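Letters A, B, C and D name the chains as they come in the text, with residue numbers starting at 1 for each one.
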Amino acid sequence: MEKQFVARGVIPPMVTPLDPDRRLDAAGLSRLVEHILSGGVHGLFLLGTTGEATDLDYDLRRDLVRRVCDQVAGRVPVLVGVTDTVFDESVRMADWARACGAAAVVAAPPYYFAAGQPELLAYYRRLADALPLPLFLYNMPSQVKVSIAVPTVVALARHPGIIGLKDSSGNIGYFNACRYALQDDPAFSILMGPEEAMGEAVLMGAAGGVAGGANMFPRLFVDLYEAAVAHDVDTVVALQRRVMRISSLIYGIGHHNSSFVKGVKCALSLMGVCGDMLAAPREPFNASDREMVRQRLCELGVLR
Amino acid sequence: MEKQFVARGVIPPMVTPLDPDRRLDAAGLSRLVEHILSGGVHGLFLLGTTGEATDLDYDLRRDLVRRVCDQVAGRVPVLVGVTDTVFDESVRMADWARACGAAAVVAAPPYYFAAGQPELLAYYRRLADALPLPLFLYNMPSQVKVSIAVPTVVALARHPGIIGLKDSSGNIGYFNACRYALQDDPAFSILMGPEEAMGEAVLMGAAGGVAGGANMFPRLFVDLYEAAVAHDVDTVVALQRRVMRISSLIYGIGHHNSSFVKGVKCALSLMGVCGDMLAAPREPFNASDREMVRQRLCELGVLR
Amino acid sequence: MEKQFVARGVIPPMVTPLDPDRRLDAAGLSRLVEHILSGGVHGLFLLGTTGEATDLDYDLRRDLVRRVCDQVAGRVPVLVGVTDTVFDESVRMADWARACGAAAVVAAPPYYFAAGQPELLAYYRRLADALPLPLFLYNMPSQVKVSIAVPTVVALARHPGIIGLKDSSGNIGYFNACRYALQDDPAFSILMGPEEAMGEAVLMGAAGGVAGGANMFPRLFVDLYEAAVAHDVDTVVALQRRVMRISSLIYGIGHHNSSFVKGVKCALSLMGVCGDMLAAPREPFNASDREMVRQRLCELGVLR
Amino acid sequence: MEKQFVARGVIPPMVTPLDPDRRLDAAGLSRLVEHILSGGVHGLFLLGTTGEATDLDYDLRRDLVRRVCDQVAGRVPVLVGVTDTVFDESVRMADWARACGAAAVVAAPPYYFAAGQPELLAYYRRLADALPLPLFLYNMPSQVKVSIAVPTVVALARHPGIIGLKDSSGNIGYFNACRYALQDDPAFSILMGPEEAMGEAVLMGAAGGVAGGANMFPRLFVDLYEAAVAHDVDTVVALQRRVMRISSLIYGIGHHNSSFVKGVKCALSLMGVCGDMLAAPREPFNASDREMVRQRLCELGVLR
């Protein structure tokens, strides 16, 4: 496998629209895909943390991948999350993704037993060997309890099947250390997870960002990316401020680990894109939290 | 559902014997079940952390449950772990467990998104409502990133389908606070996870222990339990020392999160009970670690 | 130095009575010392976490040590906390403690830079070499971010100036591993920090406990200790329940890291022993929290 | 107090030169101050984490402040760390700093008892009220176990005596959220702690950086700052790469929490600026680690 697929740009981690019975909301999904693509994004990432992948039924995950790949029909590359504690389930999902036409898969470390670095090294090599698609590493220590250490990333980058790193740690020292260590490898893409740092990351040379807010505002993030690539600092600063405003208004409502996903889904629902149901056992925002999101979308000029 | 099943005594968290291709080792499994039952244990817990449940293929999990339930044939109650990030998979596994004849199921909190306490409360109620078997709570903060807080346990104990708590936190203040808060509820069993504290826990009134070492030495833990129930402190102290000796000799070899499971499986392999293979992506001990286990089993008088 | 001083029994970690201006409350201190000693305790531990040591002015700390040593006048051994980030301050405080007549000192690891185990080993050896009094190790990972690992404790126990370990981790596996590893060293005392586990710890052979609740109820803890030493399990269970009741009623009020100290000081104030002021920057309970403590002391039969 | 002092630019957190007996190395200190000032830095920060402040004798700290203020003689503003668990010691050190001519003080939260946010709010207000100099907040969660939450920072920024935030968390989402929330307050300076992110932080609008590497390479960081202020992205990228190279070569040698300080002091020693001794209980690098630093300084072209 040559590393021909190079991920760049804005690759939104798509939420998974669910109907009130927690089945796939096919109509909402279809609207969401077009809504996102209309913003000019450079790819689509299914079944990440924002997509609530680990909490979805396998049948639903497969249905989602098939539908989105069919609908996207090659307009942008589709990346599919295959993070799992069961090794063979990751492989099965990757086989499915390939059959559906996805371009690459993404895997965070197994998340029950926290692996040591030698175990992570062995795990990712073994996984990349078994996969039919190129693999993105996904660093997500807050959920999986372990960070893929910089030397581990560097060693894995040499594997022909491993093509990049999505870092959602928010740890800027870690992110920049990975970028520095791999700066001479144009085939290895490093993507910034938190949208709150996407502008500066791309300005400094990162390949792009996996911005959850691009579910709602895809064009904003594409504009931000393009300004950063063009080294137009003033525009980057201005657009990043808009991103921070969205972040401060929408993502902090509610409590607990999943308030980001709840906020994005609630906003999409108020914008008429798709419903706000979450994977079991989580519940959508209650009426008062929902009303707060509504008011803040008005403040942002998105609703009236 | 009345809470008629009351778990008491030594309920070993069984390892899952695998062959070199990581399929179920049926012959080893059969020997292991008889080896454990021969020690007079009071139950058997399948698919817990020691059983590497989260990392096993679902088909393999189901095969394991069916085989063990068939073999045990009612000699002791069988408890089955149904911990999962996917709600419906927990329910499906519980349905299967019931069909196979299991007595109860055990669930740690969902382990990707760390739930807040209100979410845990809602999750366990919803789960208990959906399950066909009584449910044990499983507190395992080191793996799932969140502890089931004492008030949450107390509230859940009122649910007719929730019959106990297995606490593997090792936090003695937490364990005793749960026991104190629920001391007047004879239908709610609190079991000590770490075998290093089983003797004193039962001495003070806990219902029993889920001792991983009972895979190797079931009689030792049964003797310890009985001495504790009889308030024979001298015997408890002496037997608990034997447990500590095993713990210090066998569980600390190797590194990483899973060294306990590796040590137990390696010892069982050297004792001729079953093989030492682990679920992917983990590997068994290498030759030198294995030799160290062998020497230590000699020190313990188990091998010659 | 031979390890002639062997700490045993109930050694309360004394709170530091402060007046409303946060100076030493000399009258309250005098009453508190007699209140505690009247319960038959086996020692007194000044300037621990419960004593808010790290937050007190050095002059105040010295004044406290001198006054208490003078008042105790050899009735029980006095232990003095010398935990500090500045090495020489620990030594100076130990020199002062010796001059005042204290029996031993107690030191948690330096708590700004978290030391590695080789650094802890070197630190404690160097400290013990420099001290004029025998030294107790103080394991307190929640505050100092690092645990003194079992092998480090074992290595340090060989130093003639190091006579014991106070473990406040609440981690029962750690506590029992230390006890098992050092069971053949009668000159090394291992004391249980959390009072919620004191009964069982002494029952199993621990040397005693450093129970904060003994500021309020010294006799209760002495009775518990004696029942445990006598292997009178029924009495241990009954008295430990009383301890758990106090713990659940008094220590959980209020929020934040220091609610334990606030609860104990508030109760002592309501019992007429000493004031409830805390070291800066902390404030005592407000009126409603204080009223809750009062009601709960009534429930406990301590107030009417 | 009007907020007339506005911190901007490169403000190195100075290491504290010590002689082999761990007393202040006056000659080395004098050379170090000139070495740093020669690079054109915009201020000097004494007694931070890099300065090992918490582990230094109070007399030594005072001596250091006096000497540096005298030597600097107003060429740049001097900031003095007053972080302490003892409230009055912070005030005393600030009084001393003012008497010596310092421009501001810097305080991380008290670091034994981890304060809750309401306690932090009260603490910093109380501290700012008591101080004779303007106060910088210092966010350092890895050492003090608590982060100053964004709303707390925002509330504190309204206090006339609080003039800025130094954030050493490395958490880019936190840093940018603080900057966004306070973007309209030109009198409140937000400084980036980790030098690995200084370029992009200033590019995006941060006031400057507290770069430990500027002890060795002050001019590099000043150039980086100036390029960032001028929005010269190519130069920022190139200079930041140089910073990353230094970081990857020098700071990762050795182990434990303090390897950064050890690396910087060892390099300064090899460069002939000052000795490499550390505050007790830490030891400088051993011969082989030192040799590695030497080789890497050669790689960097600093030594031959």
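Throughout what follows, a contact is a pair of C-beta atoms (placed from the backbone, for glycine too) under 8 Å apart; a residue touches a chain by one contact, two chains touch by 3 or more.
Treat the numbers as computed from the prediction; the structure is a model and nothing was measured.
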Do the two copies chain A and chain D share over half of their interface residue numbers, or under half; same or different?
same
Would you kindly give the rotation angle relating chain A to chain C, two copies of one sequence, based on a CA superposition and rounded to a multiple of 5 degrees?
180
What whole-Å value do you get for the distance between chain B and chain D if each is reduced to the mean of its CA atoms?
49
Could you work out how far the Cα centre of chain A sits from that of chain B, in whole Å?
36
Shared interface positions of chain B, touching two or more other chains
none
So that we know how the chains sit together, what is the shape of their touch graph: line, ring, star, complete or other?
ring
Full set of chain pairs in contact is A-B, A-D, B-C, C-D
Along chain A, where are the residues that touch chain D in the complex?
170-177, 180-181, 183, 194, 196-197, 199-201, 203-205, 231, 233-234, 236-237, 240-241, 244-245, 247-248
Partner chain C, residues of chain D touching it in the complex
49, 52, 54-58, 85-89, 110-116, 118-119, 122-123, 126-127, 143-145, 255-258, 279-283
